[in-house]
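The structure under discussion is supplied below as structure tokens; questions concerning it will follow.
Should a chain be cited, it is by its letter among A, B and C, assigned in written order, with residues numbered from 1 in that chain.
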Amino acid sequence: MVATLRSLFARRFKEVPAVQDVSFDIDEGEIVGFLGPNGAGKTTTLKMLSGLLYPTSGEVRVLGHTPWKREQGLLSTITLVMGNRSQLLWDIPAADSLRVLQEIFQLSEHTYRASLDELTDLLELEPLLHKPVRNLSLGERMKVEFAAALIHQPRVLFLDEPTIGLDVTMQARIRRFVSDYNRRTGASILLTSHYMDDVVALCKRVIVIHHGRLLYDGALTGLAERMAPHKLIRVTLSHEADLASYGEVVSHEENTTTLKVSREEAADRTAQLVHDLHGQMLDLTLEDPAIEEVIDRVFSEAQVALAAGV
Amino acid sequence: MRQLLRVYRAIFVAEFQAAAQYRVQSVLWLLFAIIRPVVFLAAWSAAAATQGGRIGDMTISDFAAYYVAVTLVSQLTMSWNAYDFELEIRQGKLSPKLLRPLHPLHYSVVENIVFKVATMPALLPVLVLIAWTFQARFATTWGHVLLFVPSVLLAAALRFMFGWLMATFAFWTTRVHGIMHVYDRLVFLFAGQLAPLSLLGGLASIAYWLPFGYMLWAPSEILRGGASIDQALGMIAIQAMWLALSWLGFLGLWQLGLRQFSAVGA
Amino acid sequence: MQFALEYRANLALDLFEELIIVISSLVAVLILYDHTSAINGWTEGQMIELLGVYYLVQGAQAVVFETSFERFMEHVRMGTLDFILIKPVDSQFMISTRHVQVPQFGQIAMGVLVLAIGIAQVGGGFGVLDALAFAATLVCGLLLVYSLLLVLSTLSFWFVRVENLLAIFWSFLDAGRFPVDVYPGWLRVTLSTVVPIGIAVTVPAQAIAGRLELAGVVAMIGGTIIMCWFASWFWRRGLRSYTGASA
């Protein structure tokens, strides 16, 4: 009983740093992906960048402003889109909510029309704008959300899991839109996502965050190189064969074998295989390991490192 | 300033459209809003009847006028933002609002006005019916009507501000509705819904020191002509003072609350 | 463990809120009686007794509603009613204890407490006959409310969204805090028939206060029997039309 009462008044907290020693710079026009498992700190980072959170120490500057001060000058040039979350009024058509946004952002009729036309074009909004938002499907709603988020032509976009819950076609559509938008307007985009496909399709640069620490900041392709020191050779022969001598057999299906070899030896082994088996070889590809695998490995290794107190 | 008005107008149109879809609920809400004062009016009338028709300096007709006034003022000044705010935080809808160049407060101001504008046409005839049933007697002069306008505006602003003050507690705890229930009860006791403050007996002296009476009782008394012009001016002054205090309190709490805001799950 | 604590903390808070509400209502009565010694013949103690009965009935109504009718209407809305109807239980009494909320029992408890305070205030206790009359009319009152809820729920067979009617019922509940005779004609009639909360609270309160004639008890019982019969009949009609239609 006493414990119950006490829990009302004194919540016992454990201080867990959400984000520690994370530093980076992002140039105009970049699309950067934040990768990390749940609770890694990527959403926290995004919120600090957009001004929704105050960092306990350190400095954040976006377009020359300090985000958490939420100055007018900054707010009219940034936008936040959260997947599966609606910021539009539910019961009225999106077109009417957009009008409200026009006033809030003080867009001239000309600017507003131009912006709306472009977005309608890119997102195929025509049939959706005049239906009450609650009558739209999830995918349609996401499109309309994007329109509302971009009507003021922001220069910095914060996208938090924008494709979550959408079907595959819609995800591809949104990805295409984001990349088009970046190309057309040169806006900088910061994206967090669970879906590797989002990151692979859009981001040349990724920042990996785990347990609040920055594990990697660089090109996506470099990630595989740095983190997974092996490559995969997939060989399809005209008949069964045991290729264990060429490398570690990862999988074997009918006549197709996947071998894992270290990066340094990849070229040599490939050459060897061609030399030895070219008569029976139907297909041969040299691949980087799947990005998911790389990420998984990165995280589990990081976990081990952390546990070891590195 | 002109820009702000344009924003307000745009939000008003949008919210009014949205409100039109909830007509039935609004009417039902009105029903509850009317039953409560009728209940207490009936009780006081019955009590007065046993005392020769008056209690203190109020006859049954005076009580009727008072409760009609209280109901009208109640509707004109009501504010529910604390509940909405807690919900918004939980649904994660607050974050995007914070990132737009418009303080979230403005949305709720317009929503508030929209609701009142939409429900007033339904309320007025019912009030007339009640006034007629209980033979309400108003001692209102033009001076009173004139002073009623600023008084009710101040009362509405005061109630709104207090509502937002309570709402900011949602930054620290998820149990705002619990706090709100207790707050509502205090309002019920000390704002004049139960009885005009002068009849609160031992609690009257406390009531005059609290802000709640100036949210309901003050403008109601002015409207029905129960307060002299001098008294009315005094009430308005006190209302303004409380409004200023609550505004400052809110500003401070809001800043503190935002710092605390961790948008969990937002 | 944390969850259990959290749950209990919420419970404590709910009960505390309940307490505040009841206390403020009691204060309201006390303030009224600061200015008069009787209202329509009801003394302060008797009025407090009535307030106790009011919270008793309110709490009981909430418990009954949440255990039976809320679930039923949800089933109708979700179309899962058929599963319920094939079970070998009398459909009218689809009682479930799963949804009972503790605060309602708290309300009932506080109702009893306030009633006790009222009885103490009145002094002189009450006779066996009064107690019997009280019990009988209280049960009748609850049955009347139950019947009304049953009728409203039956309407769900035809109109899926009955919540608005229920909301009307609940807003009238507030009027039960004072004896039904203080209200003007049309309201008094409404509270005695269509929305029987008025008599459900007033009559038992009269009984315990020793203000009820035998005729009153008989009328109450008679009216209740009629109402229950009607509600049950209406229910069966609704059921028939529902099962008939979906065949």
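Following the convention adopted for this analysis, a residue touches a chain if its C-beta (ideal position, glycine included) is under 8 Å from a C-beta of that chain, and two chains touch if they have at least 3 such contacts.
Just so we're clear, the structure is a prediction, and the values are computed from it rather than from any experiment.
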{"item": "Chain whose Cα mean lies nearest the overall Cα mean", "value": "B"}
{"item": "Most widely separated chain from chain C, with each centre as the mean of CA atoms", "value": "A"}
{"item": "Inter-centroid spacing, chain B versus chain A (mean Cα positions, whole Å)", "value": "47"}
{"item": "Centre-to-centre distance between chain C and chain B (centres being mean Cα positions), rounded to whole Å", "value": "30"}
{"item": "For chain A paired with chain C, centre-to-centre distance based on mean C-alpha positions, whole Å", "value": "56"}
{"item": "Two or more partner chains touched - positions in chain C", "value": "13"}
{"item": "Multi-chain contact sites of chain A, meaning residues that touch two or more partners", "value": "none"}
{"item": "Chain A-touching residues of chain B, taken from the complex the two chains share", "value": "3, 6-7, 9-11, 13-15, 17-18, 21, 91-93, 95-102, 259, 261-263, 266"}
{"item": "Residue ranges of chain C touching chain B (in the complex, touch as defined)", "value": "10, 13-14, 16-17, 20-21, 24, 27-28, 31-32, 34-40, 164, 167-168, 170-172, 174-175, 177-178, 181-184, 187"}
{"item": "In the complex with chain B, residue positions of chain A that touch it", "value": "47, 50-54, 70, 72, 75-76, 78-80, 82, 85-87, 89-92, 96-97, 99-106"}
{"item": "List of chain B residues in touch with chain C within their complex", "value": "24-25, 28, 31-32, 35-36, 38-40, 42-51, 55-56, 133-134, 175, 178, 181-182, 185, 188-189, 194-195, 199-203"}
